[in-house]
């Protein structure tokens, strides 16, 4: 395994990676697979930038007085961590990398509906990223990723405008990607691929795209208003002219709560693929999982007020939003139960992607259930804004969405590069991440109920024990994320050749060589069976 | 509670116990389902592990009754939790009628807390045990949040509007309070202690030390200093007696309730709402009065009697006849407490 | 394209939500503000924009029928009408409002009753019309490209999709104005 | 891919109707109808927008999918407005009291 063997199968054949060479062939490509790799490179960069901010923060919180940072620096770090992780890593992660790579492959198409628009959206993303990075380098932003007014409009002396502009621009990239996916899934499915034969990953991506299209513009206009208010010193959220700062929160969360589902839904799609492939079994309750994705996307727009239970929002609106928030728990529960049931009577194997998938189900269950605490008005009135919230959304976003992303990346890595990564290392990394994650964030639930507010650079001494535990976990988690970076890069060159279908999985993407040729399929495939038709016949190997 | 490794903050208010019970219930639900999912996954994953490459899965497509069951059960649990949580929240949101009102002003990065009897505190709040306290809060700059974990209460403190929370402490002691809405550089140190004292200690604390004048009398002084008296005491402007809580007829035909927000607006932006029968001649006091002074003026106006409370269920109309309300001042109540200072009621010249 | 228009609906939707909210809070100020705008220019501009929508629709029709000259004529007409609208809006109205001192934050000289809520109204006025004008400018750019492409004979009855899609965009911008006109100019009443 | 070609006269007719409605809405603004002014202005705007969408934008001849997209956009807009206003307009309400007595007072006012 350790030696570099040049297999004839991979080097002699023309595929999308060796079809042309040179920087230009990458930067001007309209091939969805290459664009996916461009995204992969950029978001990996942002992931480690955001991650290092998190490491510094956790280090600082080892001591109640703040071990190494000034409060102002700490504030900038958590703002940067939030902005980068949410807008430049999580939101583009699965849709823009795995989605870009897989949507055409899974539906048997040559490319997305608008290949040039796809490239444009990557450039837009990079420009947005640059504005954000500029804001960081030029001295940072200290408003938190939430940009609450009037702190962001009037009182902060930092680079709010360029950060807001960065998020605004990256948002447009997200809109364009979503638009591309919706049109592609509608118009370009291979003959025979009906809606109920679609892989569940595509259902999830479709639901995600709807959120991106309908939610993101509201965030865009809101941040525009914030920027204009900063420039002209008068605007619609300014209490001095009768404006309402709480209106900002409404508009912000109208996008930013559904944004959580932009992150988690595609991950759920990935998990549906993984659980079936590694238990060699059809999914349990296909239609329930498919429709629950759409239901989650729709309901996600009705619940944003649960971020505002103690913000001065009216009690009646609080009750309405609380009820609607509970409603979103149902489709999520349905998904978890169905995945678990899929294992029943299966033939389960434990390669790394499956470990990530099982990790996802466990952590998402915990994250989702603690969401009930926050939807419950009386309890939220105590834990709102504390570390309980921090723990909850990290369980969803990191324990859920990132686990799914890592699982998907490992699962399709052989398809993307044509080579296998070392499975032993990958399993080890998955285990380390799972343990490190729980050590980092479980103590934060307890901190939250004890009443430690979030975004604190220094804290009361009674919270120290749990904070030290959390910081210790974070160091394990950090190592866990570095291992894949190393072996993934290594495998790109030295990994053993994977072959078209190393997992024996179903789905159109496995019926073409790895890496796929530029045009994806020699001829347009015809679909004659349901998704996940495991057990009907032996998987055909091209 | 385990010493040194607590799982919940002190239960120091009447609200705390109820919130904790709901929390324990949710934790139990949580543990149950987490264990259920984890154990099921472990069981299935081990029982059906691939023993050899030849192992075939048995295909199961789905099961409608099962789907229905695991839709209904979470639905039921959610419904119960929702009803429990909401009813508790509604109860916890409504201060008792006889609450003592304390005014809170947040600014970057300190808390100013003003007792109706006069004393003003910074980052410290002394309250008597077993008496309902209502905090009426506003901010001078950005959004803050007043959070006392031991009491299980918090609320954002928003510039340009008044929000309120209430609590009734159940045991004496020192309890941390925090700013819980990120508010800029020194957000993390914007906190302090609520000191809950026995009624006797509290009285002693009130009478000893630096004793400022009561809010209402400070407001009365302002009323003369700022020359409010020249119009509002003479009939050129609407009088204040029995104003608070009454219905005010405006020049555009609508009516508003004279609450804190209305009075604050009328001081800062007099032309926003014009009382029927008066000219819009009042200049703005924006920039001339601080939030605390507004609160003092409010306390003064409240001390002149409240239209809503004077005749429960049958609110007095406003503006009242001038000659009728002259006796309104003096021993009126501020938020259910005897106002210690006798406030002179200004009469027209 | 329709999907993109859905995005645009939400983009303006955010602003409209804020507008509706404040209009209900500060009704009288918003009515005063609306009366300060010049309804004649507003009405005339509405007519200009509707005209341009008609020429755009006729342009799409010409493209469908493959009439190249007619297509170019209509596209140029649309562009000219669009530019007229922008010119009147920015050159005449904005300048006038600015000189009168109705530009919040930049040049604000009004000190009457309820000045600050009026300021809020004018914030909305400038934001809404400004973002609409920005869309018009983008539309004008697209039209210019279309005219050049049409001049080179790029369109035929088989291939006129860009014209149709741009037409949709142009009509959408028109629709936004159809709502802005009454909301900004008429809501206060003119009696 | 020639779509539906609409007769020129129909366009002109629609245009005439649009101009007519503009004149109408401007005219109505000069008559005092109280609350109905706003309603009339908005109703006319909706009529005009529908005309543009149906005829100029060819929605009348488009597939159901386009209609769904448009419908979705407006439903989402309605959600945004409705739920935001549900907070802002109920903020002054006091919560339901334990004794219900305050509620009576509230209504009496």
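First chain written, first letter: the chains are A, B, C and D, and each begins at residue 1.
Keep in mind that, in the parts below, contacts are C-beta pairs under 8 Å (C-beta built on N, C-alpha and C of every residue); 3 or more make two chains touch, one makes a residue touch a chain.
None of these values were measured; they are calculated from a predicted model.
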item: Where chain A and chain C overlap in contact partners, by chain label; value: B, D
item: Least step count from chain B to chain C, where 1 means the two chains touch; value: 1
item: Chains most often in contact, by C-beta pairs; value: A-B
item: Chain closest to the middle, measuring from C-alpha centroids that were averaged per chain; value: A
item: Separation of chain A from chain D, taking each centre as the mean of its C-alpha atoms, in whole Å; value: 36
item: Distance between the centres, which are taken as Cα means, of chain D and chain C, whole angstrom; value: 18
item: Touching two or more other chains - residue numbers and ranges from chain A; value: 214, 218, 240, 242-244, 246-247, 250-251, 254, 312, 315
item: Where chain B touches two or more other chains, by residue; value: 90, 93, 269, 272
item: Per-residue multi-chain contacts in chain D, two or more chains; value: 72-73, 76, 80, 84, 88, 92, 95
item: Touching residues (chain side chain B, partner chain A) in the complex; value: 4-9, 18-19, 22-23, 26, 29-30, 33-34, 37-38, 40-41, 44-45, 48-50, 55-63, 66-67, 70-71, 74-75, 78-79, 81-82, 84-86, 88-90, 92-93, 108, 141-143, 145, 147, 149-150, 152-156, 158-161, 163, 176, 178-189, 191, 269, 272
item: Residue numbers on chain B that touch chain C, as the complex places them; value: 252, 269, 271-272, 280
item: Interface residues, chain C side, partner chain B - complex; value: 26, 28, 112-117
item: In the complex with chain C, residue positions of chain D that touch it; value: 1-3, 5-6, 8, 11-12, 14-15, 18-19, 22-23, 25-26, 28-32, 37-38, 41-42, 44-45, 48-49, 52-53, 55-57, 66, 69-70, 72-74, 76-77, 80-81, 84-85, 88-89
item: Partner chain B, residues of chain A touching it in the complex; value: 71-72, 74-75, 142-144, 146, 148, 150-151, 154-156, 239-240, 242-246, 279-282, 284-288, 310-312, 315, 318-319, 322-323, 326-327, 329-330, 333-334, 336-338, 340-341, 343-350, 358, 361-362, 365-366, 369-370, 372-373, 375-382, 384-386, 446, 449-451, 453-460, 462, 465, 534-535
